[in-house]
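In what follows, a single structure is set out as structure tokens and then discussed.
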Amino acid sequence: MSHSSPFSGNSSFWKYFQGIKPDRVWVCSVLLLGIVLLGLLAPVITHIEPTTVNLLARSKPPVWYEGGSWYYPLGTDNLGRDMLSRCLYGIRTSFGIATLGLIFSAILGVSIGIIAGLVGGYADELLMFITDVFITIPNLLLLLAGIVLLGTEIWVLIVMIGLIRWEAYARIVRGQVMALRELGFIEASHVLGASRLRIAVAHVLPNLISPLTVILTLSFPSVLLMEAGLSFLGVGVQPPTPSLGRMIGSGRDYLLDAWWMSGMPSIVIVSITLLFQLIGDGLRDKLDVRLDG
Amino acid sequence: MKSIVELSDVKVSYSGGLLHRAPKVDALRGVSIRINRGERHGLVGESGSGKSTLGRVILGLVRPSHGSVSVAGFNPFSLSRSEKLEFRRRVQLVFQDSVAAFNPRLTIGKSLGEGLKIHNICKSSQRPDRIAMLLEAVGLPQEFSDRFPHQVSGGQRQRVNIARALSVEPDVLIADEPVSALDVSIQAEVLDLFEDLQQEFNLTTLFISHDLNVIHEASDYLWVLKNGEIVEKGGTKQIFSGPEHEYTNLLLASLPGQGLETVC
Amino acid sequence: MARLAVSGGIVGFISGRIVRAILTMFVVLLISFVVGRLSGTPFEIMFPDGLTVDHQIALEKKFKLDLPMHEQFKLYVTQIFKGDFGRSLHTGEKVWAMYALRMPATLAVGSLALLVAIIIGLPLGALSALYRKNVGVTGALLLVFLGYAVPHFVIGIGLILLFGYVLQILPTTSLDTWRHFVLPTITLAIPMIAVLARFMRAAMLDAIGQDYVSTATSKGLTDADIAKNHIFRNALVPIISVVGLEIAGLLNGTIFVETVFSLPGVGRILIGAVEQRDYPVLQFGLIAYSLIVVTVNLIVDLLYVVADPRIRLGK
Amino acid sequence: MADPNTKRRLLLSARDVNVSFEVANGIVEAVRDLSLEIFAGETLALVGESGSGKSAFAKSILDMHQPPFTRRRCVIQGEIEYHRASDVLQLVGADGKTMRAVREKEIGMIFQDAMSSLNPVIRLGKQVYEALSYVPIEPSKRWLQVSEILNEVGLGGTRYSRAFPHQLSGGQRQRAMIAIAAVRCPSLLIADEPTTALDVTVQAQILSLLKRVQASSNMSMLFITHDLGVVYDVAERVAVMCAGRIVELGNVSQVFGDPQNAYTRTLLENRPGPTRKRKAKVARA
């Protein structure tokens, strides 16, 4: 019955290996950092502008295909624009919008969550009702409505993404704050005479760092995909700004002859989101964060 | 002697929020209590009797729907900004032991220092000495200052808990089930410590517990709470030897191991 | 998601939910009204050459745009309750008629995908929690977790490339026969399978660690009975609300799937409306989609009540 | 009290039992070289403070450390023999089928936290009924047995059998747990701190219920507790545990009246209450 795993003998041996095993979070973080660097260093890596049209080199395949060349390592699109350059600059666009959108929505959501969680009562009821409403209305429809109102400039996308995403953070942060509030040390601090501000800054925030790290890491991909999705549908980032989503969308008509037009940016996007997902999952296990909400 | 805690006809009822309508729960239904300076009081009751709520009313954490509260000369529910701070210094709480009573990210020293900082009890340069003194008062070595709450045992943590409450030199100490999570042998130590400190610091204490044996040791005056009402009050010894209310009688009769003393 | 807060029994819980649903729809109407009014007067689109001031005032009077905002909103809501959702600014078609024509395709693909996701996702999540050492189950789970990171439009394009062009066994556009439904349904289902499998796994693992599993073991129940009656049954409770939340995501997904596979659904109408700033069309979309989600959430709440006696019978 | 060793039938004997767990940073040896015997019809109390290994041993008897589908790692060594009328079963290392048969027919168990030990989404009657799932009799007879046992523990009537756990009070939940364990008429009932979470008045009721049920079906009971008073009330014999070992074992009156072991003495002396002798001053500088 209980001898399924005699671990007495060789356990230290395995522990040793687990100890030096390069862990998932680190490997993925390094890879992700690599992708970010590729985007940042795009002007150094490639000298072809992402918008340079070369009608003589339309739909060139990547280098490993017959007819491909090192000049266009990832091939070109239907207008003869360099896929590598467009992908690298696309990373910049995606990361830029996603990061700013995330920061915006996180500030909004986290403050609302903390207020709802700490103040409680009717303020909490009201704020949670608003988040409920926002969760109910399909995100994409709200985004589209916002775009109809405000147009497709990049700042609009950032603001809209921020306005769409905050409710998730608000809800989770509120849950975490409520859980914290149940813990005696918050009350102890209150009984010692600490002000609400002091409690929030000295006791609540530090204990939110772990869950917030996990939440933000896990939700970065979805923010990034929001921009990519809108651009894919043609209502997000407008040309000539290179955008991974838009590249996938416009390559759709050339799938049969030039799959790389959609394929390359797809691979980039999936790598980014997958890495974020793996890092987030790993962090959650590591920091032992439970996210209910 | 003038009373330092006085509650008269205090009623508390809990209800749910706006959208989920919870039924009203009457936690306290007209409780009056008087505690004089320097006395040791005990409050005993079973779960759901409202004993914790009563403690929290005295601390100003739960607002009663009816009745008047006066603690250390203040009404905890109408305090000016400066009064609030003074009230918080004079009335303290010892929690039931748990890791949760301490911020896991702060060392024990930092946790002990919080009250000193808030109330400017001493200069910041003197704080480490002060913390060492507090630790010493509860029988712990100075090194504990650098440990984290999860690195010490339950009994030790409970001593720190008491030290934290004492750090601001309170007059009134409410102890809400302070030993019920501890093993018997450690319970005894903490109870003894509690008694010593009560005398040393001239504290007025209200000891809340469900355990009659514990309350017997920690109090001279006893209030028996049942369903939000005081059903019996008086000297602890008198009540133990001759309970008047049938509920108190039942409580005493339910104590396990009645004949154990005769064997030992 | 249903908050497991204390509630005044089943009536209190459900009436609270209904109130919430109505309030939500009210907010949706408000948002759609604001979108309509803030996006400028329709005359700019209807008369691109511009108008004289007199003409504009006359038109505003005719369309009652000169009334105060709250009066206009009242009018707007009354019209909607009368079934008048306005006409497209471009084609002049009745908006609801446009949607009525396209809705069936969207709903068909959407509900098929939901069904597929539940049928595959829940068992997969459950099995992966029970048999954590089984290589096959773990492998399937890892594959599905890819669906977490891959957006609909990339999945769709991948499937088109594989089944449409490389293997050439399935059609990649329109919805004529059942075979046309395969790729769009799978595309839409994969991310949801990932979500459901993942949550199911977590819920199962949670249930596995509970004390009542020990009790069940001490009764001498077989592992199969424990898994079925105690672990799976309890894990389903939180999953219900996850399914509810996913419906909204599913509607988002249909827009991409319809674009990728060129399906005759409402997604295309919506995108067209955005490009042409045809706000009556978009307004209707917002209201219709929200109504679907609100209704589904209400149903989910009812199911939740059935599944969890703690809510049904109050605390 | 008569000397049990000569008169009563041996029901369970444990010899040199060691239990260890794998935890995050190493291995915890919860039980060390534990040997004890339980006789038919008697109540043996296992008493000790938290971490003494009393619960770990109790769980080892039914191999409850690793409920199905969990990944907890636990190693049990030594011998735990269960004596049936005709044969003797070795419970350490027994296969799943044997273990299940023992749990189903021979040994019942109740736990400290009755709330979490009952399935929140299944009606009480069904949860009791489930314990008889594999008994080869017709369902109506099973239901009859269920209502009988529920009656016996004071939860008679459909009002309780159709109730969900959250609708019951703490005491009622523990009664339900007793019904679940007792409905199969086990020869041995393991009660793991069954009254620790209860109020003192409810505790008294549950203890007397346990004694009644035990008497009516001639069960033996292994009663785990940290409360010496409870031991005195329910048990004939007591084993005192400290740091995984039994430090003293004997009749309750003997052990409590004339404790041989220093630890037992400490436990007895430190019981809070009127009789405790206060030490001069706690160790303080």
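Just so it is clear, A, B, C and D label the chains in written order, and each chain counts residues from 1 on its own.
The rule is short, and it goes like this: a contact is a pair of C-beta atoms (placed from the backbone, for glycine too) under 8 Å apart; a residue touches a chain by one contact, two chains touch by 3 or more.
Worth saying up front: this structure is predicted, and the values here are computed from it rather than measured.
Shared contact partners of subunit A and subunit D are B, C.
In terms of C-beta pairs in contact, A-C outnumbers the other of A-B and A-C. Centre-to-centre separation of subunit A and subunit B, using mean CA positions: 48 Å. Our note on geometry: subunit A versus subunit C, Cα centroid distance of 21 Å, whole angstroms.
Here the CA centre of subunit B is 52 Å from the CA centre of subunit C. Subunit B and subunit D have Cα centroids lying 34 Å from one another.
Counting partner chains per residue, subunit A shows two or more touched chains at residues 129. Taken residue by residue, subunit C touches two or more other chains at 20, 315, whereas all remaining positions touch fewer. Within subunit B, contacts with two or more other chains are made by residues 17, 19. Residues of subunit D that touch subunit B in their complex: 49-50, 170, 199-204, 207, 226-233, 253, 256-257, 266-268, 270-276, 278-279, 281-285. Every residue of subunit A that touches subunit C in the complex is listed here, in rising order: 129, 132-133, 135-142, 144-145, 147-149, 221, 225, 228-229, 232-235, 245, 248-249, 252, 255-256, 259, 262-263, 266, 269-270, 273-274, 276-277, 293. Residues of subunit B that touch subunit D in their complex: 46-47, 136-139, 179, 183-185, 187-189, 191-193, 195-196, 210-214, 216-217, 240, 250-251, 253-261, 263-264. By the touch criterion given at the top, residues 62, 64, 67-71, 96, 100-105, 108-109, 111, 113, 116-122, 130-131, 133-134, 164, 166-167, 177, 180-181, 184 of subunit D touch subunit C in their complex. The touching residues of subunit C, counted against subunit D in their complex, run 129-130, 132, 208-223, 225-227, 229-231, 233-234, 237, 307-310, 313, 315.
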